[in-house]
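To start, the structure itself, in structure tokens.
Letters are used for the chains, namely A, B, C and D, taken in the order the chains are written, and counting of residues starts over at 1 for each.
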Amino acid sequence: MAADKLSTARQRAEEALKSIGVSYSVEEGANFVEFIVDVARLKDAALALKNAGFGTVVSVTATDYPKKNTIKVVYHVTSMIDDEVKGAIIGVGVYLPRIDKPSMPSLTGVWLSAEFMEREVFEFFGVEFEGHPDLKPLLLIPPLAEKRPLRKDFVVREENIYEGVPFSNVG
Amino acid sequence: MVLDVVEAILGFPPVWQVLVVGFGFSLLVSVVAVWFERKTAARVQRRLGPYWASPRLGGLLHLVADMLRYAFQQVIIPRGVDMTPFLVAPIVGMVISILPVAVVPFTSNPQYWPLPPGAMEYSLLIALAITTLPPIFIVAAGWASNNKFAVIGGLREAFIITAYELIAILGFLAVAAAVGSFNLAVIAEAQNPVKWFMLLNPLAFLAVIIAVAMSTSAFPFEIPESESEVVAGPFTEYSGLLYALNMGGAYMRRFIYGILIALTFMGGWAPYNPGEGIFAGYIVPSLIVTVKALIIVLAISFLRAVYGRYRLDQALDIAWRLTLPLALLGLALGIIQAFIGLA
Amino acid sequence: MSGDIRFYGAFKDELGLKTIPSRRIAKDTYEIFIGPQHPGSGHMRIIIKVDGDVIVEAEPDIGYVHRTMEKLGEIRGWIKPIPLFERMAIHDACNITLPYVRAVEKLMGVEAPERAKYLRVLLCEINRIAAHLYGFAIFGIFLGHSTMYMWAMGDREVWIELAQELTGARLTHSYPVPGGVRRDIHDEYPDMVRRAIRYMRKRLEDYRKLFLDNPVIKSRLEGVGVISKKQVVELGIVGPNARGSGVAYDVRLADPYEVYDQLDFEIPVFEEGDALARTYVRVEEIKQSMNILEQVVDWLEKHKGEPIIHESVSSKYGPVHKKVLQEQRRAKLLPLHATMKVPAGRAIGRGETARGEVIYYVESDGGLNPYRVRIVTPSARNAIAFKYALPGHKVMDLPAIYGSLDYFPPESDR
Amino acid sequence: MAAEEGKVYVGNVDVAARRARDILLGKLKLEDAVDWATSFSLWPVHLTTSCCSTEFAATFGPRFDGEQFGSLPWVSPRQTNLIVIEGTVTRKMACAVRITWEQMPSPKFAIAMGACALDGGLFYNSYNVVRPWEVIPIDIYIPGCPPRPESVARAIVELQRKIRRKHLAGEWVRTGWRPDREPVKPKEDVCSWWRG
């Protein structure tokens, strides 16, 4: 049942993106699907998806890939009222260069629910959202937010708290 | 010589009454009332309440401990407060809140009245006039604290004053009208033995009870000190002894109102007839009045366990749209009673 | 850039979100910081600007309990994040960790056996009831109703005792693990659940008398903090708060997990969208959860002795642990769990906690640790409601709205 | 679910109470009276730092009823004398903890609740967590994650004993100083981020 909804949602989203002529690539997860678009067309793609019924952002997920030298920002969206696609999650996202302050357009104007989540991505990854009404750290204190804690080069160590006992030192 | 002066001062009935009945009793009553409030709430809420300081007294000593602790705790005077009103307001407010006792007769025997019989003719008016003063000092305390929550609490207190004052006075006047006298002793005596005005004029009684609950910020009108928005209201910045004065002040005012209600609505010392001598003529009737006042205080305190608190505008709405007509009806009823000579 | 902001403003107006002209905000407003040390705030701060007694602007300042769950989740292997994540919503522990476990299971390609699924639902619903009662308690104290606090706290103990009987811990159960659950119920357990349900049904009547039908409480809640259906969808508000506004969105229905599609229950929906409707939704949910519990314990009684953990896990057990599993019905966690590797891939786990939908985005690169765990908790999504639901109300409505939203800061801050 | 009368699970409070009462009524030494009063009037301030607050709330619920020890959670720090650190203290919260502590009038006491308040607990290597004992001086630690309500009640009783045995409150009244420790100053300015 959930798989049906996901395929319906995927179909609908692809139609919406094709109708405005946005080129995209698809990345599939276990139970969701992501459309990666160009940064310049992100806002158009988002508007098209919203008009296709995906009205609510459930997560603005950013992931840091130091090996590929990119940061991926995905807006996972769903519909809360449309019974045909309710419960299916699709994503629309971009790859940003992994520099100190990468920038991308804010989608707060399209999805109001993304407002706080974009602030989170800003403080944890340093991604600047152009056009965000109030871009400042949400959870962290400012000096800590400067360090971009969720980037992979911010290392938190599993410390050797018991002397003599080797502890897995990962990260 | 000195002893004579001291005796003359203490023997002066208003001073004696303020010190012993006013201060002593009201302190005792506020301790018992707070204990009762916490204990009944605990009983309704299926738990013990304060207990382990004195299991046999049911934890009454916890309240003594609270008082002692406040008495010896550091008194913090924050930077930025207006020092004089900050220190003076709670003290003066508490003193004034027990002053109405100075004019209250506890017996029908004129020998033990605090004022000469001529002045007693206006005792109800004087007492009511003094009861309207303490809220001003609460507002002053809030303003002097230089704290946003205290200021908001003080403003709320000011709003509430305007709402309850008129109602309380109209309610008491209903009785005065029915009896045809402002003399509390005459009013109390007129109800002897069972012609109590809480039965004859329940409208005015209800209006006065609501007004008292409002004036002493009892539930559901605990709005100036409503903790979930304005922390401790006007007393947010007060600590130690100064806060204890403030907190006791509300219960003391409730007790003073209780005495007035006992005299005007519950027959005062009725059904007892005060006799001659200090014991039969003063102590026994004053104890009866105190017990009646205590019942009023405890009844109002019990509401905490049952009700939440109203919003400020709703409380004002209730005061102006519901309780004021009630008080006016009570007044009309009092005047009708005066005409048909019921009292 | 300015065009975007205009667009944003116009968009808000169209939604009917309260915007007050800036001219009035600049003049005679009073800024109040509510929290974090404030009886009406919990562990967050709300910065409100008041004009007279009316809130014109509200901004939640959260993050006071941000304990870096997402970062720690990246360095603690696959099994240790379970006790870590349940600290987010400590009184709703099973609901909040189950989606993570399911996401990991999805990556591993295993699925819990039927009995384990029922046991998970059992604990989830017990937790849901306890969490709603906790919400009631806090709500009661916000409205100055201490008896409500005490009653709800006392009755919550009943459900906590049940959870303790099942898992051994009052709050932090760590009950679901990848592949199944850690313990089975004992023979008297179904009767204990039924007794608790009988007791709770009786108590809900008392609550109605004292709290929900209390004229003071009703007048405080009716028509206060109204969030319209359209605003719910736009702001992404979830859980009982959405269902109080007429949005029938519940993950148990929209994307059924575990055995929710085999159970018979309803999702209560109210149309009004005010604080009272949100409260009623919670009461109705408690009733529905008790219906679910009855069905679950009936099923569990009929299917005794079925496996509670997946074969791929239990087949690696040594003889001692196999014996424990068979005789005591307890699944031990082995060192192999600590060095577990999960195939590369990405999965989203979602579930319905007491406060709404929780989402885990789990990414694995095939190593010992998750590459990225992104958590979106219901409170984190509801936090935005403060910004838009508070303006236009009086200061005294703030605790009523806060309490009705049932916001839990540690969950929101992660 | 009410607490059963006649049963105490948290130590011998009755004896201690009787002894304290004897001191109050018999010798009536003022300092002992203050110790007695303070120990039976420990009002914790409403500062919820983290998720242990659920168990703290349960402590003052009807089943465990912390109020029976004379302890009443109170709203404003100015009128309280006990602070209970309920779990993790983050960097953002540390500032609030310190300010609240400084707003409380002496003699004042602190209980650190939970593993996180001991040494970080599960979050020992988190970048946003500070140790509460670096921020304020702690009198009693409660282990557990989260501690059960019984242990919170137990901690309150232990603190009562400690106050009476070491005359913490009485000494403060006499000398204006806690006899058992220097006042703790945090090593770094915990609120620097707020102004800057």
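Definition applied: a contact is a pair of C-beta atoms (placed from the backbone, for glycine too) under 8 Å apart; a residue touches a chain by one contact, two chains touch by 3 or more.
Please read all numbers here as calculations on a predicted model, not as lab measurements.
Visitor: If you tally the C-beta contacts, which comes out ahead, A-D or B-D?
Guide: Spelling it out, more C-beta pairs touch across B-D than across the other pair.
Visitor: Rounded to a whole Å, what is the gap between the Cα centroids of chain A and chain D?
Guide: Computed from C-alpha means, the inter-chain centre distance equals 43 Å.
Visitor: Centre to centre, by mean C-alpha position, how many angstrom separate chain B and chain D?
Guide: Distance between chain centres, rounded to whole Å: 35 Å.
Visitor: Distance-wise, how many Å sit between the C-alpha centres of chain A and chain B, to the nearest whole number?
Guide: Inter-chain centre distance comes to 62 Å.
Visitor: Using CA atom averages as chain centres, what separation in Å is found between chain B and chain C?
Guide: Inter-chain centre distance comes to 46 Å.
Visitor: Counting only residues that touch at least two other chains, what does the list for chain C look like?
Guide: Only 38-39, 63, 66, 68, 71-72, 150-151, 154 qualify.
Visitor: Do you know which chain A residues sit against two or more other chains?
Guide: Answer for chain A, listing residues that touch two or more other chains: 140-141, 149, 154, 156-158.
Visitor: Would you mind listing the residues of chain B that make contact with two or more other chains?
Guide: In chain B, the residues touching two or more other chains are 45-47, 227, 231.
Visitor: If each chain is a dot and touching chains are joined, what shape do you get: line, ring, star, complete or other?
Guide: Shape of the chain contacts: other, as it matches none of the listed patterns.
Visitor: Write out the stretch or stretches of chain D touching chain A in their complex.
Guide: 91-92, 124-128, 193, 196
Visitor: In their shared complex, at which residues does chain B touch chain D?
Guide: Residues in contact with chain D: 38, 42, 45-55, 59, 61-62, 64-70, 72-76, 227, 231-232, 235-240, 243.
Visitor: Could you pull out which chain C residues touch chain D in their complex?
Guide: It comes out as residues 36-39, 42-43, 63-68, 71-72, 83-84, 87-88, 90-91, 134, 137-138, 149-151, 153-158, 160, 170-172, 410.
Visitor: For a test of understanding, state which residues of chain C touch chain B in their complex under the given definition.
Guide: 30, 32, 34, 38-40, 53, 140-148, 150-151, 154, 210, 214, 216-217, 219-220, 394-399
Visitor: If you look only at chain D, which of its residues touch chain B in the complex?
Guide: 1-3, 5, 13-14, 17, 20-21, 33-34, 36-41, 61-63, 65, 67-70, 72, 75-76, 78-79, 81, 103, 105-107, 169, 173
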